[in-house]
């Protein structure tokens, strides 16, 4: 079986997992959001990769070309990018409020503050 | 005429590419921040300028060339401005240039 | 940035072109890359540049919180009401073919309106988000 | 010929991004990211010409624009620690 | 040529992602996130997704970076050294990655025009130029065929706007309140846990 | 014309009401608009359900584009049923809310609150009604984002941290769902649910579809707080404003369960989902462990909201248990419990909201003496609690009856026994509250506490009456649920 045609899926999966790792291993609330951003961006890359047709061009009709890449993943990802930035904005504003309430944005310290009477 | 334009554009593109790499090498190899700014200036203006100029010659007189011209204009104004602001900010924040003794004073 | 005269001159030079470019992206989305969302973001970016260089208070004079709130709602409403109009004209929700007598023109008009709605909402929301963060000085 | 340009631009991106990784000061990173942005603009411009669809230059324009705005925002942040202060109206704040 | 571009861009993406993981300066991490967005936008252009590259650059490198910087300005710039062991997260990530890699094995190969993705729905979209006369297929799919998704997308953006207004925008009255009380309003009075202050006792006692 | 376009209007009217709320910047006007839109949604849902029961599933093509190319709305028995549930709970909570949010949320943020509430409702309705896999993701995000915002409005500062935690876990969950949808799309080339189901046959055994199913299931499990992935739920429910807790507890997790049922049965088909993959062997034990562990944790909580939140995790276990039987009876039990649990959990949380309004606390110890001071509220609490335990004549009994029947059908006696035993745990945690409320003397100086206002008691009373009514008259719920289950199981390929 020829697995060579999958190399960029694998790299994209590596990127996704790097982002995911940041999200679940870090304590800093902003770092988590950064990780989430990388995770999501890499998922977008996965979608875009599947839309590519060899020898194709961007799906904007032009009479010099007749092979186009698949437009549907692009449409989906446009929507998903917007969702990503919306989540990011809400998450960051939550972090700002948390910082005002606890004076820290480290998860451990928040637990410590919480345990104080 | 066509041929001359074409040749000129290719020459510009190749020269621009070389300048880009030179600038980037300088950015990586120069010893301190202020000298690195000089190096990045090569990429930002000379490299970008030459490549975009070459593309401008390639594109003829269309909407595309207007866009390239605008990019050129942008590259020639925005990048130096950013570099200027950056150097100023660095200097005011207390970043000291490398002196002759070889260490940041 | 009082003394950053270079920055201010350059920003003043660029701002009109950026806004023009945003409009180009907004209305040229049918033919090239771009569309409402991208245009909205570029518009907001131009506004953010303005606020960064000329100060927040000046920027607030250009776009007050109330204006942003209304624009934000208006864009979404515009989008949704295009659907209602097609419905009233006898089509399904968002079936632009019914907007005009000719389906092709209907599609064009529908997409134009819808993209406009997206652009307005996105620009207003992005500027609101920026103001939300930038206004909140905690010291 | 475009290939030469693409490869050298990619090399530029690579070198610039290495400087951004290495630092050591924040300003080095900003400078590197700025140069990286310029290289990206060049990459897109050359790439769309190579693909035969130069009408996508809008992309390069957006990149150039955002690169500029991003650098300004970062600088402002560094200088004042806040995006809010330091405008025309806030007298007394000497850059 | 495409292969070289692919490999170089992907290598840079991976290097950026790893560096972000290792950096503790949040400021640098935010900037490198911008770089990451630029890089992925470049790769998207190389994969013919110009519209997406446009958006990703505008959002990822522009707006996201700016709001992240704004949030950093209100919080802190350094991340503390983490204290926990990283074994469990690493295990979870490896397991997830393994499932994904396993999933790729039966995938159609990269760029294969015979893949089901390119066979079923997409050809109809590419022919839509005849009906709509809109050359940018992405726009016509986005705004017409799947226009309802885009309405949802706009609603998501709107929701984010509402969220920021609710969370961050202070009203005028509250501002004056804060000025007079300074910092008191931010910290709920917790000095006396026995006190029957209704606001602070809602579900205060809990086990985490 | 309204009748033909009802499926679209069902979602669009609340969606359009949200920006209109914002335009006015006035709490009362916003409330009026929100209430009107919610009432309309409820009416539309009932009308859709009756249509479906009469003529069978309805399909609606948005934008006039035929199904695999455009987005299709599809109302069948199950989605009609869940639509009624979600919009009905929306109406009850809206009617209940004014007095409660007046106490818990700043006056000038009320219009934003109503707007966010409408968006949340829109998202939930959109998820349920759509027949397009990606559209599910979009509406999932609308509802998720608005629920993070709603949760963060709680007075206590931990509302912020729990909203943040929910945001992180919820986003991971929805990104997993996105990956799952992407992989499915990659193998079938289409996004319409019915179309995917038709095309998945030849590729069903590929490793890619297996991975898609795995990611999808994990993502949805995070969203619905299935046992080991429930960590976000207790805090989120405990610190959110009371009405928000009531609404989310009654609807959000239920809709996630709906998504699970929809994808496993309609898209993947239960043959694939439960025989080709180890899902069944994994879901059932998780559900059972979840029921026992979460109920046990609930017993030791000091805050009533947290106790009920853990109880919610346990109840999700019951619903998933019903699904994992893969039989018509089991599925009926799951769907009925989905409805019933929404009723009784909604009732319980509304009762707690009344208490919070009057005494400002939800600690169990502070409930002392409430049996006498707030008799109606506590009576409602007791009835809903009895239903939670599964006492005959209440809805809780019906769902447990179906679940046990399904277990016996399969011959899995231990499961049946465990379901019965877990009721004892429910008795334990409900009894703690009842004991304190009725048999412990109130602390001195708390004589001022009076019954909650009628505007709150009426909606709550309606819910409690519903728990009894649907407990006596099983045809309405169990009948529809059985029809839905048969329809889903009939969609076997």
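For reference, chains read A, B, C, D, E and F in written order, and residue numbers begin at 1 within each chain.
The working rule: a contact is a pair of C-beta atoms (placed from the backbone, for glycine too) under 8 Å apart; a residue touches a chain by one contact, two chains touch by 3 or more.
All figures in this text were calculated on a predicted structure; none of them were measured in a lab.
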* Quick one: how many steps at least from chain B to chain E, stepping chain to touching chain? => 2
* To do: Identify the chains in contact with chain A as well as chain B, in label order.
  => C, D
* Which two chains meet at the most C-beta pairs? -> A-E
* To do: Can you check how far apart chain C and chain E are, centre to centre, with Cα atoms defining each centre and the answer in Å?
  => 21
* For chain A paired with chain C, centre-to-centre distance based on mean C-alpha positions, whole Å -> 24
* Asked: How many Å are there between the centre of chain B and the centre of chain D, using C-alpha atoms for each centre?
  -> 11
* Structure fact -> Among chain D residues, those touching two or more other chains are 14, 30, 55-56, 58-59, 61-62, 65-69, 72-73, 79, 82-84, 95
* To do: Mark out which residues of chain E touch at least two other chains, giving numbers and ranges.
  => 50-51, 53-55, 58-59, 62-63, 66-67, 70-74, 100, 104-105, 107-108, 115, 117-118, 121-122, 125, 135-136, 138, 142, 144, 146-153, 155-160, 163-165, 167-168, 208
* Where does chain F touch two or more other chains at once, residue-wise? -> 15, 18-19, 22, 62-63, 134, 138, 141, 145, 148-149, 152, 157, 179, 185-186, 191
* Structure fact -> Here the pairs of chains that touch are A-C, A-D, A-E, A-F, B-C, B-D, C-D, C-E, C-F, D-E, E-F
* What residues on chain E touch chain A, complex-wise? -> 6, 10, 13-14, 17-18, 20-21, 26, 29-30, 33, 36-37, 40, 43-44, 47-52, 55-56, 59-60, 63-64, 67-68, 70-72, 74-76, 79-80, 82-84, 86, 89-90, 92-94, 96-97, 100-101, 104-105, 107-113, 115, 117-118, 121-122, 125-126, 129, 135-138, 141-142, 146, 149-150, 152-153, 156-157, 159-160, 163-164, 167-168, 186-187, 190, 193, 208
* **Touching residues (chain side chain B, partner chain C) in the complex** => 70, 74, 77-78, 81, 84-85, 88
* Given the complex with chain E, which residues does chain C contribute to the contact? -> 29-35, 37-38, 41-42, 44-45, 48, 65, 69, 72-73, 75-76, 79-80, 83, 93-94, 96, 103-104, 107-108, 110-111, 114-115, 117-118, 121-122, 124-126, 128-136, 138
* Over in the complex, which chain C residues touch chain A? Could you list them? => 31-33, 37, 122, 129, 132-133, 136, 138
* In the complex, go through chain E and note every residue touching chain D. => 1, 4-5, 8-9, 12, 15-16, 19, 25, 27-28, 31-32, 34-35, 38-39, 41-42, 45-46, 50, 53-54, 57-58, 61-62, 65-66, 69-70, 72-74
